[in-house]
Amino acid sequence: MTDVTSAATHLRDSVQYGHLWITAECREWFAEEHRLRSWLRIYAAVAEVQADLGRLPLEAAERIGEVAADTPLDLPAIAEATRRTGHSTAGLVDWLRHAVGPEAAPHVGLGVTVQDISDTWTSLTLRHTGNLVGADLRALLDALTVLADRFRATPMAARTHGQIGVPITVGFKVAQWAAECERHLDRLEEGRQRWETAPLSGSVGSLGYWGAEGPELLEAFGGCLGLAAPPLPWGSSRDAVAEFACWAQLVAGLLARIGNEVFQLQRTEIGELAEPAHPEQISSITMPHKRNPELSEHLVTLRHLVGSSAGLLLTATLVEHERDGRAWKTEWVALPDLCCALAKAARAAAELVAGLHVNTARMAENLARSGSAATSEQVVNLLAESLGRDEAFAVVRSAVARSRPGRSWLAEIDADDRVRDTGLAFDGADVGDRALASAVAFVDRWRQGRG
Amino acid sequence: MTDVTSAATHLRDSVQYGHLWITAECREWFAEEHRLRSWLRIYAAVAEVQADLGRLPLEAAERIGEVAADTPLDLPAIAEATRRTGHSTAGLVDWLRHAVGPEAAPHVGLGVTVQDISDTWTSLTLRHTGNLVGADLRALLDALTVLADRFRATPMAARTHGQIGVPITVGFKVAQWAAECERHLDRLEEGRQRWETAPLSGSVGSLGYWGAEGPELLEAFGGCLGLAAPPLPWGSSRDAVAEFACWAQLVAGLLARIGNEVFQLQRTEIGELAEPAHPEQISSITMPHKRNPELSEHLVTLRHLVGSSAGLLLTATLVEHERDGRAWKTEWVALPDLCCALAKAARAAAELVAGLHVNTARMAENLARSGSAATSEQVVNLLAESLGRDEAFAVVRSAVARSRPGRSWLAEIDADDRVRDTGLAFDGADVGDRALASAVAFVDRWRQGRG
Amino acid sequence: MTDVTSAATHLRDSVQYGHLWITAECREWFAEEHRLRSWLRIYAAVAEVQADLGRLPLEAAERIGEVAADTPLDLPAIAEATRRTGHSTAGLVDWLRHAVGPEAAPHVGLGVTVQDISDTWTSLTLRHTGNLVGADLRALLDALTVLADRFRATPMAARTHGQIGVPITVGFKVAQWAAECERHLDRLEEGRQRWETAPLSGSVGSLGYWGAEGPELLEAFGGCLGLAAPPLPWGSSRDAVAEFACWAQLVAGLLARIGNEVFQLQRTEIGELAEPAHPEQISSITMPHKRNPELSEHLVTLRHLVGSSAGLLLTATLVEHERDGRAWKTEWVALPDLCCALAKAARAAAELVAGLHVNTARMAENLARSGSAATSEQVVNLLAESLGRDEAFAVVRSAVARSRPGRSWLAEIDADDRVRDTGLAFDGADVGDRALASAVAFVDRWRQGRG
Amino acid sequence: MTDVTSAATHLRDSVQYGHLWITAECREWFAEEHRLRSWLRIYAAVAEVQADLGRLPLEAAERIGEVAADTPLDLPAIAEATRRTGHSTAGLVDWLRHAVGPEAAPHVGLGVTVQDISDTWTSLTLRHTGNLVGADLRALLDALTVLADRFRATPMAARTHGQIGVPITVGFKVAQWAAECERHLDRLEEGRQRWETAPLSGSVGSLGYWGAEGPELLEAFGGCLGLAAPPLPWGSSRDAVAEFACWAQLVAGLLARIGNEVFQLQRTEIGELAEPAHPEQISSITMPHKRNPELSEHLVTLRHLVGSSAGLLLTATLVEHERDGRAWKTEWVALPDLCCALAKAARAAAELVAGLHVNTARMAENLARSGSAATSEQVVNLLAESLGRDEAFAVVRSAVARSRPGRSWLAEIDADDRVRDTGLAFDGADVGDRALASAVAFVDRWRQGRG
């Protein structure tokens, strides 16, 4: 019996539960070791660019690049120096200066503040997370498209205010999700041009250390990391970070809506959808019969987390002057939280939809049991042509009220004098078809639009 | 002495304070009378489109259009019927049916639900508010550009963590705001294509009442109101509304940041900026000397309100099934709140910046009093070329610590043996210029980019 | 046809919809006219107290009191002066000075700032709203108690993760709501001592205008209005206001939970609960058969609003220095919003529960249809005594998997060799009773605790 | 050079930065290892109580207690089983059953769900965190009291809307914080009775597994852990957890307000307060002269985090039916986040105030430089007795407007004809004393009230 224990306090870093809160790719990206390695590479990129501009020896920049790439870190020493100096990168810079040796040491981190490093990492993180989530959204879109095609014309009850209404098709419901997913992918492409930019800004935002060469340095630095150079450094303008957070919230909103829909339609009493399950899965340790929609629920939970972190990132746009620790440090925690929850949700949603069980038998049964619900609108519609809408509405309403077990409301309608005069008969006719025709037409319209 | 009183309970509708919370244009748009008139015109547009498709007589549609345009409303009767039926539009539809007369009455509101009306009004509201706020943002951008040009090279202290750092220029600070403002205008154009769309969706989102003609009706309806027709109705996909809310939050964030900056820099002890004031203005009824930055403060307050309403609109994306009153009615309150606070903030910010006082004398004085603050980075920079960065940093740090009234830290540096060996001398030299050069270069870069 | 129109822009002040967002009592309290009247009475109370301390003539205080009580206001003039001076009370004070006549005029509002007036009104508003909501919570508690007693032992399905589990009783579910309601009433009593306090604080929070008499004035002023005098003025300590907002959120949380439970259990497919409806009520203008749980939904909507306003009030605790318009003006909007939404929710919840339909037939039917769900835990329990828990769990799980229409899972269990050896038989036995016994025992325990 | 790296992704678990986001005590409590150990002890407590009630052999309970106390965990195996079964405690229960051996195994976790374990841990966590934070708040209160006493009568400028107003005393400012701190300690004591309760609730909230013995079991279980037994289990009533979150927000609000005040008053241009610093501390790696108020800023940052987590916990009160993973799992992340940020903030605030530098010289200088600001209210006051308030206000306002370098506004007042007639003279007189008298009187009143 081993005693492997975990000192981590956050569920995301839990050995037991971490898998529920973070994907493997995010775990790798946000692990402290990897973050510090990224930071070192940013120091190396600054040095490389400065060398290109003739501000420091090429050899020094190369040496810094080598150490940044793979020299093992002495994290305890870095941490000790961080605590001792109370400065966020003093420990890391000291370690890097020592590691590159006396010749290159004076050229490490010239004119570079903590914010240059952490903001550049932020841009890289937004790019990386955008890529990860974008890929999962495309997988989700594919899975939704398969469902929309397969169940294009399969009737199911629509529900408004929790009550069964006229029918739609499964494909129509799913196509609405898919169309929204497409819009989120569009928004991602639009936003990238703003947040995948180089945020080098120096001590007070103007790259003042570099004098009139500031703009040139910014351009070169961006080029080195594959980031665009903005017209001016955006040190205290956090709108692009906040925009990413907004996008995350919108995306998480869709994912939660899908999850919640599955959760509700998987109810024992409804049973129209069911999330994928595997044989060894246990829903309840005390109630063996249960099969819980935990993946679906989790999408709602993750959306709460994304929303909460996004709120923090929006709060953090209120930067006072040229740097404001109150806002900026809020980002330090909120951005990784946001990215991890969002990426996990996108992955989970793609899995949920790819394995979704659609129980068309229960759908038909629920529609049938709902009686008037499924068709009353169409009956009003057909009657209105002869009776006018008000009387048609009144006829249907009173027929529904008179119906009882053994005698359907449609039979009651046929028995109504006003209806008899029109020559119309409803009991047994398939009045639901008309409602479905529109749903199917919209699914087709959307499919054609996708080219 | 008249006794004109107000029964309104919301500050926005207050006779005394309303002007602080809403612009005249928003007051007009969101007034109940105007909203109901808009709703009637949407009913008319539906009738017009149905007539074009041959679903109802042209005369009926014309009659509905006439009444919708200007027949005086009987609001108390509508309200009474609303309360009696518990239905959001039954009272209005009854009134409209009665007002158009018996021939047109049966053709009013066929297949149209409350949500069709309110969602279409939402799209129109987003378009209208986007137009209003866009215009004020352009006015703000113009005012910022004037300031950026005028004070392109005027030095002022940068401040990080509330402490004076090396100098920037006034133009640089203002240009960062302007560049962010430009990004918000870009986002507006991108988002419009998604939220200026026709949301007609019928009883359960599929326009089922219209059968296979649903898509055609949607196209025609959009055309009638100048709205694009989406691939599918977006009844339960609120992402476009939420995206507008996100945009509002981003915009309000910039406006609040500008307001907060003025608030802080107008402090008695700083005095570098001051918001416009007029002769009759009273800041304090007990302290006659005071001049409060109330307009600036208000931008922060309004941003809190915008953020709060935006949070509600994001919450309201979690729609269950095809319509969900819990989410939807949340929008009913939150969207007007959001639009009014945002539009007021945009107007106020444009006024603030257009009348902003820039006190360059206090800026120079504060820089001068800050001593080492303004230049220490540059001194380190210049020394580092000879001494290496670590020793340069140590020299400056100890010189700052030794300085005292009557003997500047630059004199202390010149007195340091290590410095004397380099041949450099700082006391009296203008070491701040280099920092400013970068700020100016970025302002110029941004200006050139604007073409 | 009358053309009575409404210029109000907030739904709460809408002629058509106002009733959904505010109670009559709140409409009266928060109407601008009434607020200004309250403010005038606060000026009168200050004058009265100052007169008692000999700081101004008794006649002047009496004259101020008379005018404050009922002299008709000239609201347009007050509003014009408010806009002209940009000062929140200058217009009102000018009006009051003019109205009291030249003798009393110099004694109006001595040493009193806007915040004295608005904060005192805040304390009075918290007391008033606490009274209103407290009364409705007690009505709610009474209605819940009636239900808990009446359905103390009536079985219904419990549901976890949306899935039917073992049964509870209706009374047990309701008693949990009632017990929470009791806790909210307790919290109200605890909080009152902190927020029903006199907040007079003068120009900068210390009542400095009054010199060493400050504490005495504060005591007397509190006594005059029935408010306790805190040890120090709480001008920049908004914790009591924020605490009220927290309480409102907790209360609204319960009300929304009840509303949501009714919404879900009123689903067409479940039908166990239904909110009260009246004959003329229309749920859908296009679907005559529908009966929507709109009151229940509304409780969730109102809770979103309460939560949003509470968030603003918590944000507004970050006051900078002795007064901070950014925070304070946020309160001006958020506090009435919070109070109105909370009071409306409390009223609506009391109505909902008082008229709640409990469909015990559907409850029994749903339990019966759920099969294994209702009893599997008890079967495991009974089997575990002989087989051990693991084997019992495995037996039940495989029996559930083998069951099919026409042959229940309990029959499958009885057919299991392992079970046959125990001598136990389940098919037909009432294994659900044990689960209900606990639910009933807890209802009884709670009832006894209420004395 | 060692390569010690960290795979943790949350800043709280970072080797480099963890100390900024969590205290040592919280790190210990929330570490996964410790949490699982607590969970095992809860299983042991359940077994112990069941044994006392004769539901299982005493030896089995003892054996379970021994293993729970200190048998090393096989965390990887537990985690693997957790992932395989998709059940939150199946892996842990399996491990525990195996570890206790075949005799005790069947008696592990009878009738106990995940929620029983995690909710009980939640109650214990609220108690523990309440104790930790309560202790730090008492330390903070002590430090504030020392300051209030020491600077009871030391004048400093009050500031409203960021502008200097009449003076207060340092002690008065600090006493307001202290009085609020006392209220938070009172709230803690009131809330404890609600959240330090035993939440055992079984599979669906009613302890149904135990039949009529449910209440007895709940009582005994509470007694075993030092928790009160509520009238009914509170499984789906999360109000006590949410109340703790509200309390946390209120407390964090005060701490942030103190931090923000220090941040602002430590500005280079103000310099009245300064947070403690130690010799090796580095504020800026590029600007050697700087001394940043990072601890003060951090209190605002931590308050943002607390507020965000509290928002999640309030959202999580909307539990659907008897258990709702969407809400409950939100708590799993939000509660530790809240507790860690709150406890860190309380510790940091206590340290900040204990080491706060009060620069009385700068206070006097700022008051002196503010000129009219500090005293205008008192001058109005003194003049009003002769001239009436309106004229007094006008005299002061015009004198302030006429004042210029070399000739004070008080000299201008003395030169005013209207003033000369009163016989009063202000230039040189100490008119600020009266304002201070009130501030001092309130400090004394508060101190006396503390007994």
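By written order: A, B, C and D. Residues from 1 in each chain.
Just so it is clear, a contact is a pair of C-beta atoms (placed from the backbone, for glycine too) under 8 Å apart; a residue touches a chain by one contact, two chains touch by 3 or more.
Just so it is clear, the model here is predicted, and its values are computed rather than measured.
K.L.:
Of the pairs B-D and B-C, which shows more C-beta pairs in contact?
P.N.:
B-C
K.L.:
Comparing residue numbers, which of B-D, A-D or C-D shares more than half of the contact pairs of A-C?
P.N.:
B-D
K.L.:
Using Cα averages as centroids, what's the distance between chain B and chain C in whole Å?
P.N.:
The computed centroid separation for chain B versus chain C comes out at 31 Å.
K.L.:
Indicate the whole-number Å distance between the mean C-alpha point of chain A and the mean C-alpha point of chain B.
P.N.:
25
K.L.:
Got the chain D residues that touch at least 2 other chains?
P.N.:
109, 111, 159-162, 165-166, 202-203, 209, 260, 263-264, 283-287, 292, 294, 297, 300, 311, 315, 324-325, 377
K.L.:
For the complex, give me every residue of chain A touching chain D.
P.N.:
1-17, 19-22, 26-27, 30-33, 36, 71-76, 78-79, 82-93, 99, 109, 111-114, 202-203, 209, 260, 263, 278, 280-287, 292, 294, 297-298, 300-301, 304-305, 308-309, 311-312, 315-316, 324-327, 329-330, 332-334, 336-337, 340
K.L.:
Per the contact definition, I'd like the list of chain D residues that touch chain B in the complex.
P.N.:
157, 159-166, 263-264, 266-270, 283-294, 297, 366, 369-373, 376-377, 380, 393, 396-397, 400, 409
K.L.:
In their complex, what parts of chain A are in touch with chain B?
P.N.:
Per the stated touch rule, the residues are 97, 105-108, 110-111, 158-162, 165-168, 172-173, 175-177, 179-180, 183-184, 187, 190, 194, 202-215, 230-240, 242-243, 246-247, 249-250, 253-254, 256-257, 260-261, 264, 300, 303, 307, 311, 314-315, 317-325, 377-378, 381, 384, 388-390, 434-443, 445-446, 449.
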